[in-house]
Each structure stands twice: as C-alpha cells, then as structure tokens.
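Chain IDs A, B, C and D follow the sequence of writing; residue 1 opens each chain.
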Amino acid sequence: MAPVPTPFDNQDRLDEARLKAAFEIWVRGPLAGFVILGSNGEAALMDDEESARAIGIARECVPRGRTLLAGTARESTQATITATKRAAALGVDGVLVRTPGFFKSQMTNDVFVRHYTAVADASPVPVLLYNFTAVTGVNLQPAAVARLATHPNIVGMKESGGDVAQIADLVSMTPDDFIVLAGAAATLYPMMCVGAVGGILALANVLPGPCVRLFELTKAGRHEEAIALQRELVPVARLLGSMHGVPGLKAALNLLGYDVGVPRPPLLPLPESIVPALRDALAHFEEIPA
Amino acid sequence: MAPVPTPFDNQDRLDEARLKAAFEIWVRGPLAGFVILGSNGEAALMDDEESARAIGIARECVPRGRTLLAGTARESTQATITATKRAAALGVDGVLVRTPGFFKSQMTNDVFVRHYTAVADASPVPVLLYNFTAVTGVNLQPAAVARLATHPNIVGMKESGGDVAQIADLVSMTPDDFIVLAGAAATLYPMMCVGAVGGILALANVLPGPCVRLFELTKAGRHEEAIALQRELVPVARLLGSMHGVPGLKAALNLLGYDVGVPRPPLLPLPESIVPALRDALAHFEEIPA
Amino acid sequence: MAPVPTPFDNQDRLDEARLKAAFEIWVRGPLAGFVILGSNGEAALMDDEESARAIGIARECVPRGRTLLAGTARESTQATITATKRAAALGVDGVLVRTPGFFKSQMTNDVFVRHYTAVADASPVPVLLYNFTAVTGVNLQPAAVARLATHPNIVGMKESGGDVAQIADLVSMTPDDFIVLAGAAATLYPMMCVGAVGGILALANVLPGPCVRLFELTKAGRHEEAIALQRELVPVARLLGSMHGVPGLKAALNLLGYDVGVPRPPLLPLPESIVPALRDALAHFEEIPA
Amino acid sequence: MAPVPTPFDNQDRLDEARLKAAFEIWVRGPLAGFVILGSNGEAALMDDEESARAIGIARECVPRGRTLLAGTARESTQATITATKRAAALGVDGVLVRTPGFFKSQMTNDVFVRHYTAVADASPVPVLLYNFTAVTGVNLQPAAVARLATHPNIVGMKESGGDVAQIADLVSMTPDDFIVLAGAAATLYPMMCVGAVGGILALANVLPGPCVRLFELTKAGRHEEAIALQRELVPVARLLGSMHGVPGLKAALNLLGYDVGVPRPPLLPLPESIVPALRDALAHFEEIPA
C-alpha cells in the first residue's frame, strides 16, 4: 500500500484536481491499497475540513476492490474518535491511528491501551495501530500491542521502526491473524521474513511496480531475488524517507510525471541541488507512468 | 508568569466556570502574567473553538496591568498564523509560539526562520519564540534565534531546555533587549544568572509566592538566599514537571483548594499512590489560597 | 559462535581451571566456533597479562576444526595492534576488533578507515570489524565498511545493532564474500534473511543446540520453523542480553551446571530475585549439559 | 584548573621533554592546579607505564602550592584501585575518577556506590568523582552522589554535563563542603552561580588568564562583567570542546607557542582547513606565552 501525498495549490490550499489526477495514475498500478492522510500525506499540516475533502476524493477514486485507509490520529482521544467516525462515514475501509506523543513522559502502556480501546470501541471500521517512534518520540511496545490485539476491532499494526528485536517480539506476542505491516521499503523484506504480511511504503507511490514485485518475491520465498531487488530499492527509498521526507517524495513524483506540487509550509521544497541525484536514482528504474 | 492549566468537566468538555474560578485565585497573587493554552494548558488536546473560549475567559479575568500571553503554535505555518490572529483579536498581549516538530528531519534553521518570520509578519501582537526540545524532538538553535531576534515583532523566547552551554550561546548571540525566559523552576535561577529576565513556570500556578520570591532574590543579586530557596523548590517542581506533568500539576492544584479537575484523555489522572508524596512536598510551603 | 564469558575466582582473579572446565562442555556441543575476550568475556575489565592467559587456555581447549577468534580492541591504534599481534602469536584464527569510541565526536568514517587499515595491515591473522553502538556510542557506518571491505585482511564484520535499514545497506554495499555476522539471537534470523551468514550470540553459550538449529533452519530456507524457534528463543535471549547482560549470562550458565562464578566488579551478580525467572525461561529448553 | 594534554613524539611515544616544556609555561600562569591524564590528556589511549611516567613528570613540574590531580579511572574496580595507588605513590594530591561505563545497562546507582566506595576506601589520597555522560553514556545521578558524599575520602566531583536541573539537584543534595567543579568553560559561570566552586577546563590550558579572571569575577559577584567575559570565551571554548576535542586543543596550543604535537591515533590532527578559524578566535585574546 502507498501512503499518498496531498497536493496543495499555489495559494497553499488543498488541490482537489491534482489529487484526483494523481489517483488516476496510482489506481492503474498494481498496489493493493492506499492510505490517505498518513504522515506522508502531511495530515499534521491540514485542518478537519480539508481532511474530510481529501478522504472524499480518495474514496471516489479508489475502486472497491482495493483497500482505502485513512490516518485519523489526533493527540486527544475524543478528537481521534471524532476524526475516525468522520472517516468511516466517508467510506474508508479502516483507519490507521498513530500513537499520541505530545506528553511523552505520560505515554505509558496503560495510557496507550486506554486510548486505543476507546477509539476501537467507537470506530465503525477496523482500526490499525501505528507506531512511528522517529516522529512521535514514544514507543508503542509489544507488551501494549499484545493487550490491544485481543480487541475485536483492532486488526493490525503498522510499525515504522526498524528494531528487529522489537519486531520479533511484536510478531511473537500477537495472534497469527494480527496483521503486521512494515513502514519503509528498507524494512519490508526483513519484516516479512519475521512475520509481517505487507507494508505501507512511501516508495510505493513512486515505484509501485518494484515494490509489489519485492512483496511477491518475498511472499513466494524467492529470497535471493528479493534481496537483490531490495538492494536496488534501498538507495531510492532513503532519498524519499530519512533523508528528504515529504519534499523528496513530492519532487520524485513530479519528476515522474505526477503533478503533486510542493509541500505545505513550514516544509520547504526539495532544494534544486538535490534534484539531479533523485533523477539519477529514479532513472535506474525507468518507471514511466502513462 | 504561570502557564495555566485548562479545566475540563466530567464529560471531557472545557469547563469555563472552573477556569474563571481558578483565575480569581491566581490574579489575587503576585504573578506578573499568565499564559493560556501553553503546553501545560493541554492546548495540544483542544480544538480551535475551545481554544478561543479559553482565551476569552483568560482575557476577561486577567487585569490589564498583567501580561496575558496565548500559546498559538500549530504544525503548519498558515494554521499558526490563523490561531495567532484569532488570539490577538481576543485581546492577548502577545503570543508564545512553540516550534513545529512533526517533520523532524526537515526542521532546519532555514525552515524555522521562514516559519517564524511569516508568523511575526502576520501577527498583530508581539511574538515570543518557544523551544521545548523534550516535547518536540527538535532544537531551535541559537544561530536561528539570532537571525529571528532582528525581526521587530519577535521580542523574546521561552527556552525550556536546560543545556547551560546553549543558553549561554543564546544570550550572547541576541541583543540585550531580547527577552529570554526560563521554562522551569529548576532552571530559573541559573538562567537568570546568565542573562534571562524571568520565567514561565508550571510551579508558579501552585506556589506563586515562592516563585516570585526566587525571581526577586535572583534579580536583586541575593544569590545565597536564591540558592537556598531554589533548593527547596526543586523537589516540588520535579513532581509537577519531568515526573508527573499535567496530571501532577492538576493534582497539586486540587490539593491546594483549586478545582481544576482531571486531565483530558489519553492523559490519565495522577495515580492515587503518588498523591501523598505530592501533599507532603506541598505541605512544606503551607501555601493556603483564600 | 559463542562469545564465552571469563570466570573469576573469589579473589577476583582469572580462574583458569573454571575456564578450561567450561570449554570442555562447550566443545562437546555443535558450535562452529568461539570468541574469547569479547564484550561478554568482560575483556574491558581485564589486563593484558590476564588476556594472554585466557587466550592461551582457549587455544588449548578449542580443537583446530573450530574457529577461535579473540577480541583485541583497544582505544588506541597502537595498543590494538599490540593486542592483535599477541593474540595471533597465541594461535587464534582471527581477531574481532570493536570500534574505538571514547572520543565520540572525533570518530568519523576517515578515522575508522585509518584505524582499521593500520590494524589489518599489521595483523598476522584475518580481521573482523565489530560495530556495537549500544556500548560504544559510535556507529561504524556502511559507507566506512564498504571502504574497509576491500582490504585483503578484513574478511567480515559483526554487527550488534538491530537497525534493519542499516543492515540492508551494509549487505548491499559490501562484496558477496564479505562475512556479516549477527550479534544477538533476536537478530540472527532477520539478519540472515538479508544476507548475514551467521552470528556470534551470547545465547549460544547457554543454548548452543537451539541456536545452531535456528541457524540451520534459516540457512535451509525453512522459514516457518525458524520463526517458531526464534519466538521461543527471544525471551531467554533478552534476559541474557539487554536486560541483565553479563550477570544474567553467568547466572544462566551456573544454573545449567557450568561453574563460571560471578562478574568482576563493578559488575554485580544477578540479583537473587531475578534467578527464578531465569530458571523458568531455561527450563523450557531442558538443556542438560553432561 | 587545567586538564593538560599529553604530547607524543613522531613515533607515537610519550614525549617527556615536550610535556616538561609545556608545564614550564603553564606553571608560570595563574592556575590553581592541574589534572594529568584526564580525558583531554588522552589517558584512554595510554598504557600504565606511560601513565606512570606522565604523572612523574607532572609531579616534578607542579610546585607544591598548586593542586595536582591525576585521572585514574579504569573500567574494573580493581584496576582503578591499582592506578589510584600508583598515582598516590607518585605524589599526586588527589585523584579524579570518571565513572566506568562499558556495561551501560548494568551501571545502576548501587554499582556506582559500591565501585567508588571501594576506590575511596583503598585510596591514600582524596577522591573526586567525575561524571562525563557525553563520553561514557552513563549518568552518575545526584542520588548516588549524595550517598557517596558522606564518605570521608570522597571530597568532591567534576560534572561535565550541562543539565542545569541536575546540577541544581547535585548541589542541593550534597553537603556545603562537597566540592563541585564545572567541566567546561561554557558551564563555569552558571554552575558557580548555583554552588560550584571552580572548574577543570580544557580552555584553561590555552587561555589561563581569562579563565581565572572569569572565575574571580564570578566569585566576587561581579555578574555583569563575568557574563561579558563568558560571552567572549564561549566561541573559543566550543572550538576546543564539543567541536574539535583533543585535536583542537593541541592545535590551539601549538598556535600559541606550546609544542604539544599531534593526537595519538586513531585521533587525527585538526584538519588544516580549520586552523585559520582557530587562529582568529585566539587572536582576539592576544594571549602571548613567554
């Protein structure tokens, strides 16, 4: 699945037409699903009204056979529930709920369990937990996930961290049907080796074909081919991920013929000086969207 | 100054009556000013409508001779500007704007300078920068502050960090009339020693008298008395700060006869098992509000 | 391979007899090799004379068909070379050289390349790099390893970190015959999935059979069985690793009939209160040494 | 006090003549004392025999009216005791003992208390604790120091950290006659404000006059002048400290007419490209050694 970016126009407003146009390309590709309003969707920079419009467009564009998730995390439990219900009413198949993290020293396992239980109790659609320590500064530990995995409306988790020991704990402490998803191309293959069943990858916006190929090779146990492909993908993934983030992702899509504009301030566009390196990295894949 | 907490009622709604009642006690005390919607005000857990009401009440309660600041930080520049204009329209004397921090690896000095310049350009009232690395995970470095300190509408900064080397840089790289404020009781005295002119302290909600005394002693150069008082205050300050945060602050105020209720979920109330220690720490000061 | 602990007697002296007795049990097991004077060997707490005696005993006990490595890292390049030559003269098959790390901010890629090149130039036996960021506070990055991997006397690396993205980079940036070894039971399986060829595991001292089984299953591509076994091993591995370290490792061995005594001060023995949990975790495996 | 660097010759051997020559300049200056074999003395890169010779030279050069301390920390308790006794036999006035830190997760308050108590019991000379978290990765907390401060042979502590809240705790939890020393020029003034009585500063090797002046101004309560001087010193101090460490310190001394050579590998000399900035920073002080 791809966590899609959100285009803004040159007055820094949500650009619905560009979002629709981008979805038209994405849905022609092989991805199993999409996440609207994820971290890469700049959801943290958008208000509730814009968020509702973005979900509406996504629902309109993504055919029913594909999964559509929406990011609905807020810092307060009640605002998370409100956003979750709104997304469900707009027709998403499930919600992806990043941990709160503002009050770091208070974010104990008990706090997380109470928060997610309240959200899952209130949500009309299935809930996926989402741990993204690099951004939130807090860690949703396997011990808390194990407690939450027994809730009938909590079906899985996206883990964006890359600590293999924690991932091994996570898989070993949750039921077999609890869905664990990788959060980065660099971790998809090793996480699937230890029990993850897929991933939500920024890179899947840009190179959906190779990402799906990596998934299929790994699933089929063709480890050598999977490793070889992962080796090719990691350098590009890093340019869009830890190195340049949303500015890198939007620049890459623009190079490939999508028209997703620039990030919302305070984010700055990718510096011009980086663009050639990005173009070279992408050229390797000759990914030519229609 | 005190960053006041926000009371919620038992349906988890903003409780205006309790906020007014608490202000009635605070304004009888010796504090120079108040911050509404700071980190301790659980602003991260409140929506725009609630925020506006809280500012309105604060403006009504705080007499004109005292400073009233509002926290107006959002992750996006445009939302920060909107919140800042709204607060200004509601009559605050200035705004305290914490750094954005969601997209950590993109938060360069240039991003901060562009963000704060846009906010200060648009703000009808003076702007104070606010660096709170423990919460945001990003650091507003003295080099960026030095550039921003030349803006006519950026008058100062709250620094909640405790790195004395960085604070020394900060003071030495900004003009003499740039206001530097400490963010914790434990750092007020040493930061004033190196050039800060005051503080915005959670402890000032609870023990305004001793906090003002510490400020006055330090300002008067009565260092030995200041050190002795700081020694007494630090243990209480830690209970409300790094150890128990907002739950600790609200519990302490409730023990002292304020009626500020419990934190908003996902925050949990202070565990009952901690209350006796808090009561003992406060008893030492015999602070009895009318 | 197992990084063997070093027994001390009740006067805090190297206990040669106990070390020999322990080796007699280990060499009857299925391990491919041993590391004397690794981190788990408390090498950091031993002097050069003790180190030489420990290596001598290991060489005497480990038959030629098995690999014997010695840890020879020191903070200075010249002391590392001296220790490496001494170990080689005592007959080890190779040396495992942890990065220096005292002067953290000076430990650039260039420093590491110069250091390891000097050591490898001078070493009569093959050199393995060793990155253990949790202990050293510095990170030997894949970019530096890639440069060092071209040295004819640098044959591989032990990576004790668990960042899957870095490990993927490491494997993709080094030649196919560059040996990458995992540093913990929790990371053996996923690291082998991405190209590691084995591991040096504290747990292999305690449960050599299951560790070798995990290695064999993974190597044979029997992923489901490997995952199931890894799930069983991780809880024990954590007790000996991140949670209780050398005190946990020695306590576990003592429970299993080895006689390796207590750690050297300042390390304290495992608290008695933890021993039952350790016994329970081990009982699961019914590992009964002769 | 200055933590003096150790000169090496061009065969990477301890250079006794250069060390004596440097001491001849230092002792003509106004410093209250010297530390041989501190972190800046590259003690971590030296063996016991070299260490003994360096202490011997220092004792020969430093007149009895000045304090001479030696760094004697090792990772093991027994090696620390041996080094401490050796230094005492060579005539030092006291020892400065950095915390062990290799086995980070085992370094509890109890471990530190047992370690330092054993060292202080065995030491013929007074012991100063030494917390340097940036290098060791462990933190000697005020609660442990408070317990150790009651030992008759533990007379004080060097704290190289800059967390003002911890420093405030440290001063408030130890007796009035427990000596607290700052570890960096950037923290000397604020730490003295909260109760420290002096400092051991790398900068004092290079600019002893201004450092002593800063100390005297602060002690005399002439805060404005102290702040002004600190502002001038901080940029130089950072070049020798967090930015360039031992390579920066040795380069600065060489520029000023000392002859202390280059650091011991793996440390590299200061890059030539940095030297002009260092020269400019020093020129400001026109420190001309005889």
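Remarks
Definition applied: a residue touches a chain if its C-beta (ideal position, glycine included) is under 8 Å from a C-beta of that chain, and two chains touch if they have at least 3 such contacts.
On a predicted model such as this, the values are computed, not experimentally measured, just so you know.
Shared contact partners of chain A and chain D are B, C.
Set against the Cα centre of chain C, the chain with the most distant centre is B. Here the spacing of chain C and chain D, counted between their Cα centres, is 34 Å. Counting partner chains per residue, chain A shows two or more touched chains at residues 242.
Interface residues of chain D facing chain B in the complex, by the touch rule stated above, are 162-169, 171-172, 184, 186-187, 189-191, 193-195, 221, 223, 227, 230-231, 234, 238, 242.
Listing the residues of chain D that touch chain C in their complex gives 12, 39, 44-47, 75-79, 100, 102-108, 110-112, 114-115, 118, 134-135, 137, 242-247, 264-268.
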